[in-house]
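Two complexes follow with chain A in common, the first pairing it with chain B and the second with chain C.
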Partner chain A sequence: MIHFVLLISRQGKVRLTKWYSPYSQKERSKVIRELSGLVLTRGPKLCNFVEWREFKVVYKRYASLYFCMCIDQDDNELEILEIIHHFVEILDRYFGSVCELDLIFNFHKAYYILDEILIAGELQESSKKTVARLIAAQDSLVEAAKEQASSISNIIAQATK
Partner chain B sequence: MGSQGGFGQSKEFLDLVKSIGESRSKSEEDRIVLSEIETLRRRLSDPDVPKRKIKEYIVRLVYVEMLGHDASFGHIYAVKMTHDDNLLSKRTGYLAVTLFLNEDHDLIILIVNTIQKDLRSDNYLVVCVALNAVCRLINEETIPAVLPQVVELLGHPKEAVRKKAIMALHRFYQKSPSTVSHLVSNFRKKLCDNDPGVMGATLCPLFDLVTTDVNSYKDLVISFVSILKQVAEHRLPKTYDYHQMPAPFIQIKLLKILALLGSGDKQASEKMYTVVGDIFRKCDTTSNIGNAVLYECICCVSCIYPNTKLLEAAAESIAKFLKSDSHNLKYMGIDALGRLIKINLDIAEQHQLAVIDCLEDPDDTLKRKTFELLYKMTKSSNVEVIVDRMIDYMISINDNHYKTEIASRCVELAEQFAPSNQWFIQTMNRVFEHAGDLVNIKVVHNLMRLIAEGFGEDDETADSQLRSSAVESYLRIMSDPKLPSVFLQVICWVLGEYGTADGKYSTSYISGKLCDVAEAYSSDETVKEYAITALMKLHAFEMAAGRKIDMLPECQSLIEELSASHSTELQQRAYELQSLVSLDRRAVESVMPSDASCEDIEVDKELSFLDKHIQEAIERGAQPYIPESERSGSLNISNLSIRDQPEVSTQGLRFEAYELPKPVMQPKPSIPQASSTELVPVPESSYSRESTYAVPVPTVSSSASGSTELKLRLDGVQKKWGRPVYVSSSTPDVPSQNSENGVSRNDVSSILTSRPQPSLDYRKPPVEISSEKQRLAASLFGASSKTEQRTTSTHKAVKSTGQAAEKTQVAKPIDPSTPKAAPVQPPPDLLDLGDPITTSSAPEVDPFKQLDGLLDQSEHASVLSHTVDSSAKLPDIMSLYSGMPSGQTSGTVGSISVNGGHLISPSEVGGTLAPVGTSGPVQFSKGPNLKDALSKDARLSQMGVTPMSQNPNLFKDLLG
Partner chain C sequence: MATTIMDALFQRTLEDLIKQSRLNLIPEPTFLSRSLDEIRKELRATDLQTKSIALRKLCYLSSLYHVDMSWASFHCIECMSSSSFAIKRIGYVSASQSFDEGTPVLLLATHQLRKDMMSSSVFDSGLALGCFSLMANGDLAKDLCNEVFALLGSSKVLVRKRAIGVTVRLFEKYPDAVRVCFKRLVESLESSDSEVLSGAVSVFCELARKDPASYLPLAPEFYKVLVGSRNNWVLIKILKVFARLVSLEPRLAKRVVEPVCEVMRRTGAKSLVFECVRMVLSSLSEFESAVRLALEKVREFLQDDDPNLKYLGLHALSIAAEKHLWAVLENKEVVTKSLSSEDVNIKREALRLVMAMVSEDNIVEISQVLLNYALKSDPEFCNEILGSILSTCSRNLYEIVIDFDWYVSLLGEMATVFHCQKGEEIEKQLVDIGMRVKDARPELVRIARGLLIDPALLGNLSLHRILSAAAWVSGEYLEFSKSPFELVEALLQPRTDMLPPSIRAIYLQSVFKVLIFVASSNFMERDLNSVSFHQSSAIPGETSKGESIINLLNLVESSVTPLLGSPDVEVLERARNVVGLVELIRNEMSIQEQNEELGFLKLVNLLNDAVSEDLGPVSWNAPDRVSLPDGLILRDNLKELDAVLGGIELPSSSPFSVGVGSLFGEKTDATSSDSRVIEDLEVTNESNESTSLLSEHRRRHGLYYLPSEKSTNGAYDYPPANDPKSEEAGTSGDADDLVKLATQSFVSKKRPSNAKLRPVVVKLDEVDAVPVEQKRAESNDNLLSDAIREILSAGEAARGIAGANTFPPEESKENSRPIKSSSRKGKHRSHHRKEKDSSHSGKQERDREGNSRSRRHGDGRRTRERAGDSASVMAVATIVPDFLLE
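Entry: the complex of A and B
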């Protein structure tokens, strides 16, 4: 199971955090501090895994951004590496050659996408197309909402009643 | 879509993100965030903010919290937002609460109602966001509130909803298995969902279910296999392809499940062989995802009932991983190797140089993984090298978590495989010295018990040797500054108990040392307690021996100091010591018997010595004692009668507390206290490893005394390595030896032939390997670690070609009477000496046997091979036995390779045998005297030297 997902910039700035196991706010900061110290200092040729506490952290660097996922001891590291890549590919498709700035300013979008890929610490969907379709469905609602901000809410309100 | 804006954020928000991005220091960032928090707090509390704005503020709160600041004041606004009818606001609200709140948060209760409503929504997107929140926020208590709706959603027309509902149920299962136990059949049904995404999601809960209860899912093996087959054959929609691999994530999940289902189940495993083999073949080893699937295949193969072909494929893949330049793949290779050696130990040997490369790699992760592998493949022949390495590494790191782990592993290995007392004590000393405070206190107690009890054998000499070597090393070490407390406790205890036992050190010398410790660690009360108790013992022993004691002045002052201590414990011990000294000899002897730490203390539980006193009292008219159970029984009865009264008038309101649970009310029949034994059960040595640990005393000259008893009792003990196999200790049967050999030879040879040797090519060591590495390899994988005893180490010689060469070269009969006996080449059929029976057949005292305590299978075999070697050369058995000892005293011995030893386990398992046949002559340096030679031989046989066939010089030297 994936315990959390972290996106950290090379400077150690947090770009996205998603916790699937309970951590208090204090623990979260501690974990982030510990891990950025651990991951950012590693050389480029070393392996993409770090043993940390009783877990393993799989990380991968894309440009200036580190994607980290914390997993159990008996999980398949290479698979997690590919889940990271899967996520990045979907981000890339969504933003159109994604860059760090996209994630900085639209981090909530990244969260929505992540919610369609991972749920409760497990991979829920491995088809890029399906994820893209769902996100698009939600976004089309956003667009519609923008156009008729007042009426759409009424429609949904009726629909949900 | 542009990188900035475009999604309707305000300029303010963009500025915030930008300014934080541009902040130069953490403090500057903190300042910005804090002022932002203030702004948000102000704005959110304003009742007139438009909804659209609140949504943005919530997103900003998420941002602030993500940066590690506390935004808990805003959580309630996020909760409110989930109530909103607008899907957009709702979505933002749900996102925020899932990020802000943990499942045990107080605000959750306010969301449950909304979630319930949303799960019923007609809009599947609303249902989806609600399900997302369910997965994150619903806890054990609130599961029943949403469970019926989630189950209903399993039949939702939209596959996205079904998928999330499955995952939600999986989450519920993780939280509280009992709540969904009646719904397990749903998972089975959903496995047949026509949407591959839903099917893939269903594998997650099924994996968990199978993990906890394999047997109820055996019927699904066929389904899983057929799904996997279809996936591998590219039958799923193209959208599930990932880098040209057909649905690799689903494949991996399926392989994981199959591994569980096939573990130890031959029937189930047989159904999987084909499909797993197909995947092995189809995997694209150039892509990362292909390797991920391959790795999973290896894991699967190493779990299920072994299949030769699949194991070969796995070994091949591992070889590729290890040879790869990518550290990731090396890491996976090492990990996979660790899994596979459980089945076939020889595989590690094939890759020893790669393993050593990884061990010396600058990458810490890789190094740790390699240590893990070494830990798994430790046996008595390589324990010294491995534990030494581990300790060195342990000293070099700062990570306490890992330090603790590696320290406990060192201790475990040392206890299990220690070749000698000296080494054991030294190793423990090093571990305690460097990681003392991290070591579990249990380990400390175990060590003390080990020293006290010896090894459960009746060999006092060995035990006392262990003790005196412990005492000696402790006396050397204890003056070092800054020893960990637990270590000092051990030292004090051992010195008190055994410091003067062998008469080497005087009481005053040791008590001086103990006083020094108590003084140097004056802040550590536990150490002081141990020290003063040790002093008490020393003095008691001294008095018991009839010597007059004159207490050292520093000891006197220590007692004085401690008798005024704040700690009552210390005070009491000090006073006890004082009064003990004033007792006479006989009293002291019974108070503090010498070397009685292992004696059971008899406690008269019944206090029968008081019987007389009681009798007298009763005669004088005292009330007899009523056992508590009877007393409370009568009380309960009176309670009942009292309680009955209010129950009569239950009509009105009752304000008193509820009744106690029923069982209490029933008067129990009195149970006489005649409980079992009179002995207080002194904690049995619950220390299971003790039995597997035994002392080898390579240099003991009195080998005649207990050599046969000294070996490890393997009867009925499961072997640590290899497949679970029980070793029987049959009676020696020399004449039948050959026939037995014949039988097992057939087994082995059939296996041998069934095993192709494609892996040979990567077993060849590169030519330019440094000698140091080779040395390390040799010591890790089965050769002597002592340089002076080692032959040149190209012992990973090409086996197939080497074997033939050896055979021709070593055709000379051994002459035991010659001081420089020729090396012995075991005839080919010796390879199957997988049967320890003949070991005990030697009526002679075999020095090796003293080592047997430590020997694992390989040693048995090597001893055995030795015997049989000779017998092959000398048909006359009697002369064989008379010849043997002299052959050994001459310091030359032929020893079969460790490979021969390993044969045992695989040959019994069947079908997992690696190519065998490295055996040949080994040159030993001659010890200067008999004792040395013996011990060296013993050690070498223990090391299981793998002889070199690629070394013509050596043969020349040996053979003239």
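Entry: the complex of A and C
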């Protein structure tokens, strides 16, 4: 299973973290520090797998972002690369040629998308179309709710309740 | 009230926050604390909208700056309970980022999760399930077990597949959930929806990782997936499941091998091909044709330019190496070239493979080339090379080492590699070889001498362990030493100050042994009037033996006496032994001049005997073989001891009494004659008294004392140990070497006829391996596998072969299930098994299997008989599925 997903920028800034195995807050920052040291220093023509502790980390660089997933020793590395690519393609389709800034300002949306793709560290939806459809449906739900909530009368009603 | 409205209207949005953080106008800590204050205030607002925006901002700060957000967990739950999906979603995402099993407010979330799981909106239940999978603990899993069960039967695929994904966590935290949910999970294996199927297979893959044996009975269902599915995601996972099952049930291998090869031939997806290759090489390695096919694919990987495929190819080869070494040999060129790859991972895999190819014919060349390569590598990989040479050569008591003289000198060479961090291992092997291989001792002593006399090595911390082994070896096998005098000088050189006390003590003990050796051979010589019996005449220009001994004694005394003030007990004790012995020899020498009394000679001989007895290797389980003597009660209360010891005071703080106490303990071990020992001790005591006075005097006058600062400064007088520059000459063109190695070394040569015979390596009766303690599985895992076994063997239990009382009757379990109709398939299975066992009619089996395969005629009878025979013996055999008995 995938133990965690990390998105790290080339400068070592964390853009997204998702932990499917229990890690305490302290461990989390330690892991991120360790891994960014390990992954960011690797040259461009090396293989995309790093042995780390008793796990393997599969990473791939897209533009300025490193997508990393940590898996067990006997998991399939190529499959994980495909999952990473799957995730990136969906992001790309959703944001329209995604860039790092998109993920910075819409970090929550990246989480929503990831939650549609993975559950409990396993792939749950391999169809890009389905994911796009689900995200769009949820977005429209939110839009409707937002319109209602942001009307000034509503705010005043809420506040004076 | 007004402030709340203003807050809500003019709240900073997430975007504002992010923009501000990117502007870097104020320093980060200030920015963080200001933002957190603001968020805290906003979270206290009554308006959920305001709250949710604040929460989202907090979530952002937490994921980017690792700000603790556990204090806001209650606010997460508040947002989760909102009726607005937008706010609910923010609440859930924040919760899944910050909650864990121990979050105190988790109890409050239970109800909300239940409500949302059962909500009519697929999105609500999706959120709840996703969140549940991340933070479930035992209680939560128990409380929500029935909801997950209900969702497993949902007609909406979106909900169902999420529920399936969640079951891994559910089972792990609450094993009893298996009894409720397992049947529906198994049914999902037959789902027509590929996402549901994929989810279910992933769950089984994860479950089978921990305890594959429990899932053997499901082999028929897995087999159907393997043959039927065309989905690569599913196939990869199901192959993993089979890889684990096949190793437990060899008969399964025969069924699976053909479909696996079929998949391998058919697919173009590299990930799937690799999974097949890995499965064949690890679990189906006895099927020649499959292995050949897999290796063909491996070769394609190896020749690919993609470093990923190359790495995986090498990885696959290392899996194959265990059983099919020829596969590695066929690809040796690629392997050795990869050793000089710029990618550490590839290098590491290649190193493993090279070591796998090592045999007694090529070990010398390979080790030499690798060692030269290590000198040029970065420190980390250098140590990896050294480590793998060490572990390969020492495998099975140096199985592949023929020429121990060579190996010992290799160890010596390794010790002088600049980056060497393997001191501990080299130390262990030097001592071990000394004890086990008699014929290697002369060379061992020679190498040890080389290490000991080099003052530069003492400055290198990582070499200290090796030096301690060298000191021990040269003291223990003194008879092979060319010059004991030189050895003593080396052991007492001023820079030994830099050693840690424990190793210093070993040095001193070696000096002690040398003294005894020299004294005994010297006196024996004089008494018997015989000519040189040993070769201690190494000091040039030395005419009289007696004089040389006196010189030696002076040297020892002057360098050891300062150590009598050492704070370390071990060093103190050894130093005292040595000084005592020096005094003793001196006294006796002067006495002997006058009257030819042989008393001293006896003592020296006795000590010599004690020290020169061969130390052999000791088996790990030797202590177990000592039977407990009668009347020895080990586990008794030691309270009575207080009464006995009541009058005795602890040794006073005077260093003498401590020294005597421990000295006494050691000596009684070493010699058999007690009276002699006590005599010895008394002499030692007297001499100690005088020498301690003497040392006091010397301290005052600063003689013979190297001030500590000076000695550390002295370190710089010497060239740094193992200067890499001096090594460079011999290590050029490693890549060429490696390639040459590929062409030469791995060709299995005939051993040259003039080669030495392999010396005897002492082995103990049993394999001396460290007893491995069986690792105890976690209790939860046990519970889980018990529950699964119970579910799957329910049918077996009912038929009452092994005794009807061992399992509760089937009905009671059926009652405990919330929805009875769901157990249709289980009944079918158990019924089916019952029938098969009672009548052997096999009709129903044919119904089940008839449409998939028709090859049962061949080996059916044989396997069935075999299974019948072993049914009573093996626990596994009782749950072997019908599928295997076909």
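In this section, the second predicted complex is superposed on the first by the 149 of 161 C-alpha atoms of A that agree within 3 Å, B and C clash if a C-alpha of one lies under 4 Å from a C-alpha of the other, contacts with A are read in each partner's own complex, and residues count from 1 in each chain.
In this text, contacts are C-beta pairs under 8 Å (C-beta built on N, C-alpha and C of every residue); 3 or more make two chains touch, one makes a residue touch a chain.
For clarity, every value in this text was computed on a predicted model and none was experimentally measured.
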Touched partner set for A:P22, first chain B, second chain C, both or neither: both
First, second, both or neither for A:Y62, with chain B first and chain C second: neither
First, second, both or neither for A:K128, with chain B first and chain C second: first
Set intersection of chain A contacts, chain C complex versus chain B complex: 13-14, 16-17, 20, 22, 24-25, 28-29, 32, 43, 45-51, 76-79, 81-82, 104-105, 107-108, 111-112, 115, 119-120, 122-127, 134, 137-138, 141-142, 145-146, 149, 152, 156, 159-160
Of chain B, residues touching chain A in the complex: 1, 3-5, 7-9, 14, 17, 21, 52, 59, 62-63, 65-68, 70, 72, 85-88, 91-92, 95, 98-99, 102-104, 117-118, 121-123, 125-126, 128, 132, 135-136, 159-160, 163-164, 167-168, 170-171, 174, 196-197, 200-201, 204, 237, 239-240, 242, 247-250, 252, 256, 288-289, 291-292, 295-296, 299, 326-328, 330-332, 362-363, 365-366, 368-369, 401-402
Chain A - residues contacting chain C, complex: 1, 13-17, 19-20, 22, 24-25, 28-29, 32, 43, 45-51, 72, 74, 76-79, 81-82, 104-105, 107-108, 111-112, 115, 119-120, 122-127, 134, 137-138, 141-142, 145-146, 149-150, 152, 155-156, 158-161
Complex interface listing, chain C residues touching chain A: 1, 4-5, 8-9, 14-15, 18, 22, 46-49, 56, 59-60, 63-64, 66, 68, 70, 84-87, 89-90, 93, 96-97, 100-101, 123, 126, 129-130, 133-134, 158, 161-162, 165-166, 168-169, 194-195, 198-199, 202-203, 206, 209, 231, 233, 236, 240, 270-271, 274-275, 307-308, 310-312, 342-343, 345-346, 348
In the complex with chain B, residue positions of chain A that touch it: 13-14, 16-18, 20, 22-25, 28-29, 32, 43, 45-51, 53-54, 76-79, 81-83, 85-86, 95-96, 99, 101-102, 104-109, 111-112, 115, 119-120, 122-130, 134, 137-138, 141-142, 145-146, 149, 152-153, 156-157, 159-160
